[in-house]
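Same chain, two partners: chain A is paired with chain B first, then with chain C.
Moving on, here comes the complex of A and B:
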């Protein structure tokens, strides 16, 4: 995952393949037994997981309370629609702002921590937000959450589009996802991106090199909270409701699982693969058995035991093996997958 | 005086809860200090203990014929006592299994072990839901500790006193075990420097296996005792594992007295705030944690450990 030095293109070949698949999805989805709604869900969770991987995969900070920021984004969007009826853009902006503010606040308490203390503190903060969301009936609607958050028209300057149909909504979410992918790629190949990877490799050494580690950790936590907030706003837009379930310890754990099953530690695209695996597993296993989580949990345990670098790690190894057979192949292994 | 007597039951409730929290946290901290793994499945093991106890106390043994009838005819107290032995053992066996899996992650990224236990937590919880159903169940308690008694002009639940005394005894036994026996000395040495322990010719793998099983069994016992107070749901484990995290961080990772003091503090905080704002009482433990950590970064009794790298 170490990023190469020198000039990095704004849009890579892998990105183009991804965008092609992303935007053509509604055309072939039904042919393979999928539908638009799951596409919307996957797009939203990819935004969430990619933003999360900034923290987990690139900075090496395991947060187990990230659901809080998704939830805060969802509530902020929902409240803006119910109380202000400000339209999609304002709602999403508020969602991002609210989640960023919350993440920034939490990060103040977390940024000087490492390892297990960091993980435990994120659990504590995640639980605080979850608990408040359940108990603060007046604002959050308690366990039921905010209901009937209708999808408004999406204003695009000259025209406005109805988001009532899942297909339109999918294109909207996919467009946002595409922008996010480019932004994240840019961030990761900036000096800031190099600094966070230095912190993952060796925090003490990064500090000795003169990086302001506290500030960098604070920024990356807050930034990843902002992405979670955007995902949360979209989540509320899609579900037409916001509820505390997404903030629970389990839901926060799911994003960690998705990021790792795909191989977030070794590849930029790891979280994308992980999210797709999760939702396909939910639909496929869920159609066979009620207890799909049991099987998914077992699958996850097996991945952690036998292939802890996830799908991307396995792919990297296979690619490396193929590459060593064909001497001509230039980039192989981990470099190829970033 | 009214103020004191009004608050006293809440303080006692808090202490009882705190002692059991401390018991959960002790198992947790043992596992963290010897294996350097946060056991996210600890709460599920807690729930599993309670469910196995339920199975032992009121089993469906009609298939066994007269033997089953004889067992069912045993007084509830006897079956409860049997459950108190069998259920933690069963949980310890599950703990053994989990440790054997965990072994593959030692020496790799810390997150892998952590996440493996998260997966295990999901699996155990779903398995409980499959086996016993999602509905809330009641764990029967023996006659002797059911009901209430009068102390002065105060009505107090017998079961909570039993729970407090049981928690106290269990913590005392764990302390005796760790502090006064050679096995305890090995465990503490293993927590301090596992390489050295191996160099001294002690079977480290077996030590880790047993410590994990022991920690799991402590969670199972706490589950049995807390089940009648909290009720029995498949996801009850989360209610146990979260306080355990907080207590460990509050008291300092790897510290015995830190876990006990943290447990009592959290129990008291929850108990006393319960007197004023029942709905919000759980929040008090998070606030307590943030308060303590703002003053002492490694908790009350914590030292700098390998876990921070």
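Moving on, here comes the complex of A and C:
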């Protein structure tokens, strides 16, 4: 949280390791049996999950309808391409704006709730958006969704590059992800970051210290909706389509499971790990059995039973047992400040 | 005029009348005590004064302004701070971080754009001073959850002090402390009284008699006695001699 050393580095050592892996991925992916497209998916979902963890891990607010904002981002991007052919940047901007607006609206109804009531309301709102996406044929294309959202050229001021190749697209998504990581780290180490964690630990005390808890909850919900919207825009760009399935309750559940398996409550990097585990499970288990989700579900239950703090929690404990304080364990991420 | 007043407060929960016509006044710079048996309504009184509950009737004023029914955070921002009978700390934060989030300038930093570098060295310096005031300077880096009970009690008070308050309400700060812990706390409050306006709930009269300038006794939701410790002691002796003695 608030660093006791007085300065928050823009880029930490853990980030450097992450960026090195992130940007070198296309070079070694095929050697370990992976490919660029799954890298794009992983990068997009990490943006989504990191933003989601602001809410779940840091503020302690469980949203089970966050797929709505991913979906709204995807539709907004898709519509911008089909109806305005505005290019990637405009599309992504609209995706972020649409999801932010929707999240801001929903947050007005949620921010004075706690615990189970908060969770139930998020499910209700998630279902409403999902229902609208299916029924509003004229705009969303109903169950089929928006199809043939071709990938436009990416304008970069002086030049423009084609995103047709998955490798180029990967680098684009990775670059956005790197920026998001830096921004989120900053946010979390600002007074705002301290405030949301304080609210998670003790909402009553935070209120009696003068924090406008309602406004802070509203802001963090809206902010995490904005990240989901960006992820949604990228999702549509990548899939060349937008469809209601990502807004369904079970799809919304994925981001919750990813965040928890990875250890979003104990580490900044938890969601990153969780997303990677999910996609590897999908590909590895999925190549063996159709019922991979069953096995993933069992894995989730096993983690929650035996290692409720997720991969990051286990890692932190192992690192601590090795006794070397110098190991920059991801689990130390949140407390790395003091 | 008193810094903080309560006039004719009434509060009921369902059928149960918890506060009945409670009037209190706390002077700036003084230590005021509130005494009474379990369930008398002391904490409820604090909750009404600090905005957690709205009184059914009556008025609360702070510094001459009516603050009845304002939200807790609004009242807190005006300089009213409190601690809780049931420990209310940010458990995963270190002791220092607990103080830091409580500092008004850190809270006000919320409005600043997050990408602006913050020179919070001063805030940290101030937070360390607050910790030192309650004798926790050696514990800055310890998570609140890992502190021993007595030190958690001290931190509970320190968080209230960190808000740079104009008046501090302490709800049973001695709860759960042994004789030694009480003695240490009473020494601490003796120190703090020079710097803060304090209102302390306590049901052990020995503790308050040594510390408070004025004491109000609440029983069954009513103020049944009020005065300096000396005056109350005299009255108590009279009552103890009479038939209607309460344990």
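By our rule, the second predicted complex is superposed on the first by the 318 of 338 C-alpha atoms of A that agree within 3 Å, B and C clash if a C-alpha of one lies under 4 Å from a C-alpha of the other, contacts with A are read in each partner's own complex, and residues count from 1 in each chain.
As a working rule, a contact is a pair of C-beta atoms (placed from the backbone, for glycine too) under 8 Å apart; a residue touches a chain by one contact, two chains touch by 3 or more.
Note that the structure is a prediction, hence the values are computed from the model and not measured.
J.: Which partner does A:195 reach: the first (chain B), the second (chain C), both, or neither?
T.: Touch status of A:195: second partner only.
J.: With both complexes superposed on chain A, which partner does A:131 reach: first (chain B), second (chain C), both or neither?
T.: first
J.: Does chain B (first) or chain C (second) touch A:30, or do both, or does neither?
T.: In the superposed model, A:30 contacts neither chain B nor chain C.
J.: Look at A:208 in the shared chain and tell me whether it touches chain B only, chain C only, both, or neither; answer first, second, both or neither.
T.: So A:208 only meets chain C here.
J.: When the two structures are overlaid on chain A, which partner does A:301 contact: first (chain B), second (chain C), both, or neither?
T.: first
J.: Which of the two partners, first being chain B and second being chain C, lies in contact with A:165: first, second, both, or neither?
T.: After superposing on A, A:165 lies clear of both chain B and chain C.
J.: With both complexes superposed on chain A, which partner does A:115 reach: first (chain B), second (chain C), both or neither?
T.: first
J.: For A:186, select first, second, both or neither according to whether it touches chain B, chain C, the two together, or no partner.
T.: second
J.: Residue overlap on chain A between the chain B contact set and the chain C contact set?
T.: Correct list for chain A: none, the interfaces share no residue.
J.: Show me the residue ranges of chain C that touch chain A in the complex, using the header's touch definition.
T.: 50, 71-73, 76-77, 81-82, 84, 88-94, 96-97, 100-102, 104, 106-107, 109-110, 112, 114-115, 117-121, 123-124, 140-141, 159, 163
J.: Please give the residue numbers of chain A that touch chain B in the complex, ascending.
T.: Those residues of chain A that touch chain B are 56, 62, 109, 112-117, 119-121, 123-125, 127-128, 131-132, 135, 248-250, 253, 256-257, 260, 265, 290-291, 293-294, 296-298, 300-301, 304-306, 308.
J.: Within the complex, which stretch of chain B touches chain A?
T.: 32, 38, 40, 101, 104-105, 108-112, 114-116, 118-123, 126-127, 129-130, 238, 242, 245-246, 248-249, 253, 279-280, 282-283, 286, 289-290, 293-294, 297-298, 307-309
J.: Applying the document's contact rule, which stretches of chain A touch chain C when the two form their complex?
T.: 1-4, 6-8, 183, 186-187, 190-195, 197-198, 201-202, 204-213, 216, 335, 338
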